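Two complexes come next, and they have one chain in common, chain A, joined by chain B in the first and chain C in the second.
This part shows the complex of A and B:
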């Protein structure tokens, strides 16, 4: 287990470093001058001399490799630079923006798992074809609904028509409900799609027949035997969508005017505040890596067949991360297909 | 939706379990039913198969009849046609001017005169949605094209060359996949600046990773087949083999993905335009239209609801069509 963990940790660190490099390349190496993007624009009164001075101050007159290594060195010591707009350290900005986002993201994940999970279970358990057909047609709809519009519609109904929840701000639990539901919609759709697919598959396994033959009730077979085996692919997808929650927060927090990482991202992109944007992307990559690390740790606990020791382990699924905006079946299918092996799904 | 499933099924062989809940030994009635149903189905299939010969009908006729039996697909095609007309000839559907309004008619609810109502400046919302189609669809199509071309080239080269090139390309793709697509688009927009085309490029580049993955897996499948070997043995240059034999045979799932991704691109583009990174205000992009209705949410529901529903319908239509292109897996006609 220790070796397994160490290997996963090393892999996680590698992905983080690579993500840092990609963001650096996107933000600093693409054609375009970071200094004039950040401080100028066409309409500014910054003189070329001042731009040069700024360039020297930020080390942007150095060759790209030197810039990269210096910045990486700073980043490793926990210094992500200062915001161009406010002058505050990026780490400080991120630190103060993280808790409110974590609040709605956590709530959203809870809602998504419960809603998506129960939809999948009911849709596969019911004997009524009409009900299951209806339920199974909901996830594609959920994926097609733009979250900004869904959020505004929720506000319209549950803040204005029926004043249940505040329309904006971050005061208290009530103000987190609507944003969390907005954020949960695409996520729960994905989870439902994934879980119902893998449940249908699992229910055809011979051991389900065996359990039924031995006299277990349908509910027990469904929940204890099938669901536990079918949950693994869904767990992978859940891990992947957590990163999507963060990017969903950009839209959601704008809709509900909530302070948080998403709002910070939106304003930083508008102000072309490169260090902050870089910090946010790094946070997203970190979250992704941490969640997948956590899932890698949970896997062997859920499914003892996944060997963690010296024997060759079935490679962990690395499926495309389906973010809410472009989440669709193919990603989920891929994820399912890939985890089908450790989940014992193929006969 | 599940081109990959289909693929795997092909690898595994012909015995493919159906999507439905298969009755168990404890459910003899259901089994009998299923047996009867199978027999009937077989008979019906056999009749259907010979129908063309029996009544002398061309394949197009059959295809059309099949279409009628799928009302969802028909609806999706009709909607897509309307969207395409709106994109390329908006004046056919809405002759008015999307940018000028009659201030006296401001914030009118939907009526026979103004199908979608009017906004705070008295502009007809229906006209604005129709004319906005061009911007949104152009951006979405560009995005898909960018993602498709760049992704396909990466996937093609990685799969065909293999070895170190493949390893490096796929590790880069893995890293790109660890950053949520919207955030990657936002980072690109920070550098590229605002505007429809920049949004389109940003969305497209953010999708490169998934396209190149699928392209690569397809190329890997095709590369080992006999006809590619034959082409090599026949003395073709590698680019002839790649262009004439590998690419056409590997492109299918990628095309399906493109149709699917068009829906995703419409969503991503309108999200970014909602956030205000698209064209500046008077331009009627779909996302910007929804954003414009935000301030009148409590009084004028139509300003956000109707453009939003337009987006939902378009994304759903794209999804339905891509499923049809994929051969309608799991559909019961």
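This part shows the complex of A and C:
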């Protein structure tokens, strides 16, 4: 396990370095530079000499390689530089932008898992074909609705028309509700889509019939046996959507006038404020890497067949069979556990 | 002909209807939020109530609360104007300069030295006195900041400031600078205390330690969220000529950042904020229908319009310039892209600019004459209906950016107006850096844009070929007028030189003025005494109150 974690951490460092490098190159490939955007506007008041002096002050006159290595060296020591626009240290800007974004992203993830999970369970459990069909048609709709429009609609209804929540700013929990719901919509739709598909697949497995034949209740089979096995792919997707939550914050925080990583990204990208954009990318990449590492660590807890120490990890199956950990329950459980399963799942 | 404005107009009507429908559903919930029987117009003349809190929604984070620093334009200046005072106050009624922290000022004959007599008893909010030494320290600091200061253009050729006595200073320049007294009315030339000047220039952006003489002081600034100001005690030096200005009535002012225009509008109609800035032309009708007060004023400076690239083959050709000027119909553009509140331009300068001259006699729309001008110059229509001469098609490149919402409608309409005459304009737009790169490379024939400033000297900063100028207008006579006005000691003489420059710009067709820009603020019925200054930006909130 330790060796596995060390290997994963080394990979994570590689991912961060790659993200940092690619961002640097992309930003330098753009026309213009932060100094001319900020100071060299339409007025003819600023002389080219003054602009050059400012470029020298920010090190923008150095060759590309020198700039890259200098910035990387500082970054490794925890110094991400200063914003070209406001002069504030990037670490300070990130430090004040992270908590409000973490608040709505965390809340959104909770809402998404609960809403997406319940939709999938109800849609696959109901005997009504009509209800099931209706519920299963919601996730594609949820993915298709633009967050920008959805957010504005929520503000229109639940702030302007019915004054339940404030429309502006970071004013405690009440102001986090609508942004979190906006962020949660596409995420919950993805989770619902993945989980319902995986549940439908799992419910066709022979062990389900066996469990039912042994007299286990539908609800028990659905929640204890099928859901647990069907949850793995949904968990993988959840790891991926955390990245989606961060990018969704750009639109959500703009619509809801909130400070955070999303606003910081939007304003620093348009000003080509390179040090800040680099910092934002590093933070996003770190979060992404950590969440996926966490999920890799959780897999074996749900399915012991996934051995993390092994050289070649068994991929999480789409619809795996019940795990031996479930085998100490009722008769039906044991019966289900004894059903022969094809090795490596049914993918 | 009849096909021209159709697509954009239909789209606009549809959009407007959609916005209106949304807005109407938004307001239907609460017909009359307050039972106040008096309309907002009469209420504003009522007795001001002391001690209210005002929330003002702005579109952009201020970025820098250093008064002379570079922030995000108007929204920054709305905030910093409350923190600092200036030597003179420019009266929005006529653009004239009135006493403020300076009780009197005079210039030498060459317009290179300006002597200001300072008001007595003015203090910074930390209790230190405002003196002639403060003026010198501030001007030296701003001049030294160079390009980092938004006032860099006012200190070109700055020789220095001399403290004559505690109440008198003389500011000297290498070359004439007749626009300097007006420049001292701007926020960028407002004054901060010695303790602020001791902070490195870059570190003042957060506002921490920024101490002014203004009616409000900074309570706190949270980036991308809010800037909260509180009234200071003992403020008694409002401009004496500004009606109703004195110690502030408001106890607290919150500038709340709301990037989405529709969210600002909804926040106002639902009573979550009392004032909004950055009102979009499409939202004006919505706000009027909701019975809200709109405070508006045309922006002084250069109007929206086309400027030719004097170095491009098409821009160099007087016949092409004249034909394009004749083909563009400013009234049609205003009627299509904007509302009545935006005036059709009568000069390169907007009507609220001091020394504006009415050039409407020279601003004629006549597509038939445009065609005959081209034909007299040897252009002939090809089979595609586009003029060509010596194998070159008359297809100028028109560059523009979306810094003002209706721009797209305006340039597309210009394109179809030109097409109707036989000129095939190519539109180009891009991001701000792309746009700047395009202008710097001279890779354009026409550019669409404007520039706000409350002095006729804006013509020089925009069109002189001596600075880093993109238009390269090759017209020695114009250049001489632009330089001479800066050296004119007699205001009437300066006015006449500026009028000649405006006439030259339109009779030589270097520019095609189209429409003025108007700044709108939306007010709830609780907000009173909110005023726009001579620069059409928020004036100090010393006349404002809520109740």
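Keep in mind that, in the parts below, the second predicted complex is superposed on the first by the 293 of 347 C-alpha atoms of A that agree within 3 Å, B and C clash if a C-alpha of one lies under 4 Å from a C-alpha of the other, contacts with A are read in each partner's own complex, and residues count from 1 in each chain.
Following the convention adopted for this analysis, a residue touches a chain if its C-beta (ideal position, glycine included) is under 8 Å from a C-beta of that chain, and two chains touch if they have at least 3 such contacts.
Please read all numbers here as calculations on a predicted model, not as lab measurements.
Enquirer: Classify the contacts of A:166 with the two partner chains as first (chain B alone), second (chain C alone), both, or neither.
Expert: A:166: touches chain C, not chain B.
Enquirer: Per the contact definition in the header, classify A:258: touching chain B only (first), chain C only (second), both, or neither.
Expert: A:258 contacts chain C only, not chain B.
Enquirer: Check whether A:4 is in contact with chain B, with chain C, with both or with neither, and answer first, second, both or neither.
Expert: neither
Enquirer: If we overlay the two complexes on their shared chain A, which of chain B and chain C does A:209 touch? Say first, second, both or neither.
Expert: A:209 sits against chain B, while chain C stays out of touch.
Enquirer: Is A:272 touching anything from chain B or chain C once the two structures are fitted on A? First, second, both or neither.
Expert: Both chain B and chain C are touched by A:272.
Enquirer: Who touches more of chain A, chain B or chain C?
Expert: Counted on chain A, the partner with more touching residues turns out to be B.
Enquirer: First (chain B), second (chain C), both or neither: which does A:68 touch?
Expert: neither
Enquirer: Touching A:158 in the superposition: chain B (first), chain C (second), both, neither?
Expert: After superposing on A, A:158 lies clear of both chain B and chain C.
Enquirer: Which chain A residues lie in the overlap of the chain B contact set and the chain C contact set?
Expert: 30, 32, 37, 152, 155-156, 160, 167, 254-255, 270, 272
Enquirer: Which part of chain C faces chain A closely enough to touch in the complex?
Expert: So the residues of chain C in touch with chain A come to 22, 25-26, 29, 57, 61, 63-64, 70, 146-148, 152-153, 156, 202-203, 205-206, 222-226, 256-260, 262-263, 266-267, 269-270, 272-273, 432-434, 436-437, 449, 451, 461-462, 464, 467-469.
Enquirer: Help me check something: in the complex, which residues belonging to chain A touch chain B?
Expert: 15, 18-19, 21-23, 26-27, 30, 32, 34, 37, 124, 140-141, 143-149, 152-153, 155-156, 160, 167, 200, 203-204, 208-209, 212-213, 243-244, 246-248, 250-251, 254-255, 265-266, 268-270, 272-274, 277-278, 280-281, 284-285, 288-289, 318-321, 323-331, 333-334, 337
Enquirer: Residues of chain B touching chain A in their complex?
Expert: My answer: residues 1-5, 8, 17, 19, 21-22, 24-26, 171-172, 174-184, 186-193, 206-207, 209-210, 213-214, 256-257, 260-261, 263-265, 267-268, 270-271, 274-277, 287, 290-291, 293-294, 297-298, 301, 304-305, 307-308, 311-312, 315-316, 319.
Enquirer: Along chain A, where are the residues that touch chain C in the complex?
Expert: Residue list for chain A touching chain C: 30-33, 36-48, 50-51, 53-54, 82, 85-88, 93, 96-97, 152, 155-156, 159-163, 166-170, 253-260, 263-264, 267, 270, 272.
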